[in-house]
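The next part holds the structures, each set out as structure tokens.
Each of the two complexes below includes chain A, the first together with chain B, the second together with chain C.
Let's look at the complex of A and B:
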């Protein structure tokens, strides 16, 4: 562009340009998003959602609404007189229909982006959760990364429960499962996305951690409960709900859940209790970290054998059995007892899954990926016919890295001294 | 503000790279082949490379012509004008498609309440402004945006990797149902979009005329972007798996939304949106611009006028499709079936019929252009004197474009 206008016209140009620039700037004001602004004081922030179903098959959605004023001070719900959350329920034939009804009773627009958990009541879960996953996948404001739980009773009861040390119990439960996953090794957070993905997978089976209320039955649904030194009812992770083809078909125990996690290689760190030789009570424990969790399908004639290889290593936490711990060779029998313990966990969980007719381990998945042709022949009715007949071989390897700050057992040494005297 | 310099080989390579990425992050290309989409993409990329070679061969017959000029050389004046006009309209249509994509994307992710007319008006206005500034400005803009695009992609891939979402097993089983579905996906759909869209280079190549690095730059850029697209496609597939990827409207966005790190790095939609905005802008402006340039070289309409004609048309047409479903269907199912006429069939015919004689014809015509001081040719006036020619027909020299000159 050659710009060679005379000096005299410069000012005219710049005047025109200035006014143009001003016009553009004015236009920019309009672009700033008048349509999509979201003012904090016009929103009702949801921290948890509960899903129940009525007898007539309508969805009952409960929301845990965060009350900003009540949580503005530091600390737990102790010390404030207002409840940090408010729970309310709407009903509708569809999810979003029910959400929309909230405008009839809530003065603020519901905002789902900070929703951390979704709790599904057992009844609703058994009815089928496909519409729930569909609603989450289609809408941008409710993210698929929310953790999902199933509860034996109604979901609303869990939402009403306050947690000690946490102001917003929805966020608290999310933290609870995160902690469990990291240090507990019994349960694993399942996001809506993962659940949807596993339902769409070749075996259509997924597991969701169960959450329930335990205790003496007095609900902790008022800040007055914080005046006592104990809480009557606690929120607790328990059992795992097994979903098959979008419907919950049954529960597996925590013990079995642990087996699933080990076999899939999802355990990060956990404690394993084990008994001394010849005893039944598991008086000893080890803190163990999973190194390996691998399942390999091996063809055996016309059927398949699943080889589950698991390994871990850890440090002894308590040890009350006899034996000289200063010799490396003596650690091996101890490790073997831990291995047996884990083997039981895994074998029980496989048996449990087989009796539920739900391939929660994704054996079928492995067959599809590694032996596609054979899988095509057997994939029909896999959960009902193929999977329950699968044989498995569980190989566990445990290494005791450290024995802690003691060498021999204190308990045992006392006993030995006593015997000598 | 000098508009007289040639486009460098590097600029051309960057433009090709960004143009090819374009709106691809919006789709999981080749999803019909399930977990083998990346194989389909590979095959289409290889075929696309063949087409690129065809385009380049055509260009080499008359380095200073654009595709409208080439049409005229091959098919004669009248047929050439008609074909050039047709391609110009097709490119405007494709530009319009991207405007609509831009609108749909914004209204379904970032700004759900903002009316689409406003979003689309803004992007069309920006594209018009770009076009009015000339080819070189546009190429420099792509240069400026390039690091942003690459940076966003790198960050995205890094975060996906770090958050452990990538599961290579999702790509198995490879070729579950044999080659047939893969081939069906690759041809013609994937070849038409995105690979053979590089046909627009036949409009821009003439600005690199005389630069002997241009060919190498084009080929290497094409190879790089193909590998890049295949890699990104495979990564998204590894994150989502074929089942989810086929459900979601914006798979890349979905994959990125899954990133959750250290309890605070999450909801990184903005990263993908940035990618898409840059990509879509390049695509919209690139198509719009090539439509405008073709209108000039086919019918002699000056750039500024052509830009003013096409701008409102593109904007208005973007409302023609009633719904997004229709829009996506028209784009991924219908238009990929007829664009190959222009992208593949006609260039191949030209390659066959124009063997040898076209090059001689072009050389015969060449000397007449620069010698005559009054530029009788509209389409070949950029040759030989890049320093003095108002190649881009920028706004400061309206008189040279005001009279549509008949073709010599």
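Let's look at the complex of A and C:
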């Protein structure tokens, strides 16, 4: 009850002493100082990094430096006179050595924490990207969760490209792949960390989305060029670079990439086009959501069978074929055609991977987990000898949940009406 | 200040080394008997006051004391001169000599009888007191008494005539509520105690008054509920008050500084309240209140940290919105101490913590700002504090000018001038707004100081600094006590069940117990369980067995006397409303008064007249007569509601 109250007399001295002690403590804070403080306007924020390699084997690092003032002034890059980003390049034998050289030409400290994407030029990728991953894993300020891409040409060219609607093209590309992953179902964002992990995995294979410039016009690398209503070239996701043991070994098409995503169960939502009975043009499409994507290794004598089970369901978005769809039973043949379409995708991608000698499906990983003893016998030269010989069985199940707001094909009804008359 | 400190915490008898001290006014030790000569006495008193002009002396005479000079002394300004005229002078003028006792006994005896008769029979002031010493006479004068000296007697007497200009009861200015009582304390102790007494009409409420201050001799009242308070608090408060030895108490803030548990802390351990309703609610929960004359702020102790986020309005509003607002206030408190610090830490140390777009926006705003973020934030916060202080101190008439200038300084102008970034303005504004959310001003003030500590700490060490300071404050809070109650109670130490009224405010019936920390004995304050009215499908305001009530004809008040069933007086069951202690005082017993036939209306002594009936008895026959019968024993239902339904 009486604690702290009845402390007795506090002399003037003790008060003074206490105040002095408090003051000294405050001064101590000053000793800690603000030594590692960095103000926002002392930072050069990097939104994207490009990795190229010179003929002599030196790294050429390109940075997309954000110019905040150009961005923050109201409106998109259109209308603002200054370019929202600035791309520059430094060279060095090592990555961080090259980064360090930036101090010779940049007035601000390069700040990588908000780096959104890393684009690796094909040449550099084929040379090996282990040093890149090493640099990313070791340093705190560069995040290993950054998305990585491979481009056919030089990475710098992609960094220079401005995207419509996006002020910072690095962030824009990151958003692009996110959107594609969510709604497109053809490509998947690969982070530096995932890539490093998959190349350390049992099969040492990883796939990285490719990015490139498409179009025949001039590159949109200046604000003036972006003032037109159309752009000569645009950044586009295309193909998948397959990495094996640190090096890139080849490309797979986006059609094959889609097969990989289906087989691995990475598709979230996509639309699939399919043809009518007896037609070649895929005039119909369905919005489909993946429900299952499972790979099971099954032993068949001395070899292995890769069973891929995939299922999905969705709603028709476009249908131009004859047939009465008001009966649920009649939907089954349509679903089968979609199943066939997906099956082709997956089988093509398996064939593609086998011809590249790269087990991008991670079949070996499953063997390691489920049949460890057998895997130990065959894991040597798995990509070269084991994987290409694998048989595969693809089972696809598609359910059409809805036919959309209409039932029968409008196009077909018109045709029938015409025929009747 | 140091001298004050020395006396703190010591018992009154054990004075420190201060040399001989003049005895405090209220506790004069010497006693000089009054002389028999009026002139000598008057002269002595006037000398004591150094011929002060406000000491008034009037020589008079009375037929009651023929041939004897009387003197009336008072201090102008603190007495009510009208009542002196009416209660003393008039009475003296028109009194008659007592024939029976006149001339009998010795002279001394005669004088004694005379003085006694004057005091007790002739003078009609509510309180009179014999005075035999000069010191007592001085005291009496200073307390606003009128002193009556009788020539030839060494015994004078003082009559209570305290008065003078006091401020009227107005709305509290610093603690406003939308719903709830709107009257605040004033500077007059009597008024303040009366306001509380008017809320707590119970003899359990004890008011102990004492005088503190050698020169000011201020009346300080210690109030508590005898049946709910823990006596330790009362004893502790008594001893802490007794230990105060100071020249004067101008405001209760003086007392707060002496009785609080810890001086060197940023946190208040005593609540000051301008609201009688708040003080009463605390009293009911077993706290003690200390009210000092001359201050419209009463002190409440012991209090815990979470009490500072509770507004009286929490209890007047619905529990859901009250709980939400409480949580809002606590978040705002955290926001107001942390926000500028977080801004500094994030923008100078942890830029990676921000979303990229925000970083770039902030970065663009900071382009060209000459000051580092810490200095920028300190500058802006200081400017705001200056503005705020100016707003409090400046004369009302300049207010508009200051707010215009202030808006310019902390506004777009400073951003356009390139001195501060726009985000900083938002941070300062948000911080300021959050700091005004606190219902108790003193916790908001401690937040103001804490904010600067946090800012400096964040500027030096980033998040590490903020977290370290947080920890330091939490440790400090955990070590604080208020009258022996841990400051973080009921959270640390955890008191079972008290979460209901800490961060949340549960419905009243769900909080049937008084707070555990401050209470002894029976803890139940609400009959437990969900009220009946909510368990039933539809509340029935009128029991169907009472006929006539739902008949509209009875509304005219014409038929009451004729309807025996509705006649209150005839119903023995309604007798409950005559029991003041049963809590039914408000039950419309007054309704009885309106029934002329029942004969009760004329009886002022029926007890209900003062309570609710006051309003009703002025409207005889207005239809309220039928109300009282409604009152079956349902404590939870307000009689007023029922009246509303019927009319």
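Just so we're on the same page, the second predicted complex is superposed on the first by the 393 of 421 C-alpha atoms of A that agree within 3 Å, B and C clash if a C-alpha of one lies under 4 Å from a C-alpha of the other, contacts with A are read in each partner's own complex, and residues count from 1 in each chain.
Heads up, the rule we're going with is that contacts are C-beta pairs under 8 Å (C-beta built on N, C-alpha and C of every residue); 3 or more make two chains touch, one makes a residue touch a chain.
The model shown is predicted, which means the values in this text are computed figures rather than measured ones.
Of the two partner chains, chain C is the only one touched by A:116; chain B is not. When the two complexes are overlaid on their common chain A, residue A:45 makes contact with chain C while staying clear of chain B. In the superposed pair of complexes, A:369 makes contact with chain B only, with no contact to chain C.
Shared-chain residue A:171: touches chain C; no touch with chain B. In the superposition on chain A, no contact is made by A:278 with either chain B or chain C.
Ranking chain B and chain C by residues of chain A touched puts C first.
In the superposed model, A:328 lies in contact with neither chain B nor chain C.
Annotation: chain A residues 1-3, 30, 33, 36, 113, 143 touch chain B in one complex and chain C in the other. Against chain A, the residues of chain B that register as touching in their complex are 1-3, 108-115, 118, 122, 134, 169, 172-173, 176, 240-241, 243-244, 247-248, 254, 257-258, 260, 266-267, 394-397. Taken in their complex, chain A has these residues touching chain C: 1-10, 12, 15, 18, 26, 29-30, 32-34, 36-41, 43, 45, 47, 66, 68-69, 71-73, 111, 113-114, 116, 141, 143, 168, 171.
Residues 1-3, 30-31, 33, 35-36, 113, 137, 140, 143-145, 193, 196-197, 200-201, 368-370, 372 of chain A are the ones that touch chain B when the two sit in their complex.
Listed in rising order, the residues of chain C touching chain A in the complex are 2, 5-6, 9-10, 16, 232, 236, 240, 261-262, 264, 347-349, 351-352, 356-357, 359-369, 372-374, 456-457, 459-461, 481, 483-484.
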